[in-house]
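Each structure below is given as structure tokens.
There are two complexes below, and they share subunit A, which is joined by subunit B in the first and by subunit C in the second.
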Partner chain A sequence: MAEWTDPRTWADEVLLAEQMNTDIRDNIQFLYDRNYVFKTTPNNENMTGLIAPFTSTLLTQGNDVLVTFKGVVTNTLSDYTVFDVKVDNDIWLSTLTTSSASHGLTANLITAAFYNSIAIRFLYTNVPAGIHEFRLYATTISGSGIIRGGMGLFMIEEYGKL
Partner chain B sequence: MPEWNEPKDWLDGEEIQASELVDNLQIDLLYLYQKNLSMVEIRNGVSDFTEPLVATWKALFPSVFTLDITTTGGNVLVQTDLDIRTAGAAGSYLLDFFVFRKGGSLDGYYLSSNTATPATNGLARVQLGSGYARPQSIRWMWENVPIDTWKVQVWWHGLVGANTINLTNHVNQFRLEEYGRGA
Partner chain C sequence: MTNTDWNNPRNWRGGETLTSTQLNKQVKTNLLRLYQRNYAVFTERYPAASYTTTSTSFVALGTEKWRLSLISIGNNIDINLMNVAFNTVSANYVYFDIRVDDDYYISSLTSTPLSDGLWRFRSIANTPVNHVWSHLLTGIPTGLHSYEVFWKVNAGTGVVWLNSVSQFMVEEYGLLTG
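Moving on, here comes the complex of A and B:
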């Protein structure tokens, strides 16, 4: 993937190929590619605790990052299913601290064994430049229901700056 | 929609041609600004669309929910936001996206499996009580799409109960967006 470079301010100067390649070619290719990673689950992935397939790393450049998850959940009990995302094995997005909120980023409660669509869309602002790891977690508030999902899409995208 | 051109390598000493600036600046910037989007919708004012239960996979309202997209070699983000009501007791059904080359026959594949046989639960399994209505969204990344013009549809499969599927007369959208290649 091409790297982004803040576009130069052009002056009365000899135009160099290097400038055209950096400021035009690479930046346009960067905008086309978009800076994102994504993971999908196979069918009926067990979704208790750390959802291992949904771990992604992204090299960011100091901007905001959009974290999204779309999937289907079910629970053998009529019980809450809670989802949260942990960054760099340290910060939970539900609180932006090292402790997760009791209902995470989102919680789902439906009749036992029913299936429901679930979505997370969270803009994580002012992410320092560097490589960051994002992990999706799921749990239940109480009970012992097994949480399973249909197909899911977990996506991390550098999304500009507020 | 402007066509995407892979940005050229510029060389020292070359004379820049207007056609190169048109291809590599004008058209590519327009492509990035406009984005490669495709969308259809069913909205208020149209009666609920009802499909009887069919215990096999079939296209959902294909006269409307069929989209074309001409791809440039990246990924495609496929999304639908539906407002669905089921009529059967504890009705359940599966949803998937089906893609095939425009002009070709229905010899395409399901995005849940990238084969002609969908995954067990498709891309989404939904189960509601009788007469329940609920928003249902699917968001899926179609990876490494070959350069071509494609048709994409929403397909469904009834599973349980004397079930029908209704798209309510609220807004239901189906969207495609070419989404680059990622990091």
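Moving on, here comes the complex of A and C:
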């Protein structure tokens, strides 16, 4: 994949192939390709305690990062399924601290054995440049949670800049 | 941030002298615009209290808190709202709509919103449920525009839950070509 290079300020000068390739070709290719990673999950992923079925690593260049997840979840008891994302094995998106909030980044209170869709579309801002690991965690307050239906999708994309 | 530094790409002519002004305007500025994008976002993590409403007509969520402004240059607008909400009374609804420029609602594109709003759900009593809502608003003219979240219920009390993270985002998108 092409890398992004902040495009140069052109002066009245002779155009060099190297500049054209770096500043124009590679940058256009970068915008076309986009910079993202994603994971899908198999059916019936158990959520017994805090588990991490999805882990994605992305090299970013100081831009915001869009975190998305969609899936179908159920709980054996009438209680919550809770989702959060931990970055760099350090901070949680629910709090931006090393402690997750009580009901994570988002949660569903599910009637026992019912299926609910769950979705996250969250822009994580002020992300420093570098390689970052994004790990989706899921848990329940009580009961056994299961991600059902297969093809749950967890996607991380380098976005723009506020 | 509002990033409106887009220049419609020129038609290059054979034999003309390529100038640095053209390269900076047509290449550098436009590449940066595509790279940085143009959007506004508001995030709230675990507010001190839930938002509630018993209004059966649309009212602002919070007091101009869920309101974003964005300068756009004639393109469509992608709107996204994530929250966890419910109604205190079973089988009742919570409705959301977006009011643009303190003038019209996206559901109807008039000053009178549709009765079902732009998005709605039927709730089990006091049962927080996760939602991600999306909409592409087309035909919005160039300029500064405000986008504000409105909501209502048909009965009972609507709640955007305190134990959650909510996010509202508007982004200048592309133009429809078909």
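Note that the second predicted complex is superposed on the first by the 148 of 162 C-alpha atoms of A that agree within 3 Å, B and C clash if a C-alpha of one lies under 4 Å from a C-alpha of the other, contacts with A are read in each partner's own complex, and residues count from 1 in each chain.
Assume a residue touches a chain if its C-beta (ideal position, glycine included) is under 8 Å from a C-beta of that chain, and two chains touch if they have at least 3 such contacts.
Since we're looking at a predicted model, the values are computed, not measured.
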| item | value |
| --- | --- |
| Partner chain in contact with A:28 - subunit B first, subunit C second, else both or neither | both |
| Touching partner for A:119 - first (subunit B), second (subunit C), both, neither | both |
| Subunit B versus subunit C as contact partner of A:72, first or second or both or neither | first |
| Touching partner for A:4 - first (subunit B), second (subunit C), both, neither | second |
| Partner chain in contact with A:101 - subunit B first, subunit C second, else both or neither | second |
| Which of subunit B and subunit C A:141 touches, first, second, both or neither | neither |
| Touched partner set for A:111, first subunit B, second subunit C, both or neither | both |
| On subunit A, positions contacted by subunit B and by subunit C | 15, 24, 28, 31, 111, 116, 119 |
| Residues of subunit A defined as touching subunit C within the complex | 4, 6-13, 15, 23-24, 27-28, 30-31, 63, 80, 93-96, 101-103, 105-109, 111, 116, 118-123, 125, 159-162 |
| Subunit A partner contacts - residues on subunit C that touch it in the complex | 1, 3, 18-20, 23-24, 27-28, 31-32, 34-41, 43, 45-46, 80, 82, 84, 86, 124, 127-132, 134, 163-165, 167, 169 |
| Subunit B partner contacts - residues on subunit A that touch it in the complex | 1, 15-18, 20-21, 24-26, 28-29, 31-38, 40, 42-44, 58-59, 68, 70, 72, 74, 111, 113-117, 119, 150-151, 153, 155 |
| Footprint of subunit A on subunit B - complex, ascending | 4, 6-14, 16, 24-25, 28-29, 31-32, 74, 90, 92, 112, 119-129, 134-141, 179-183 |
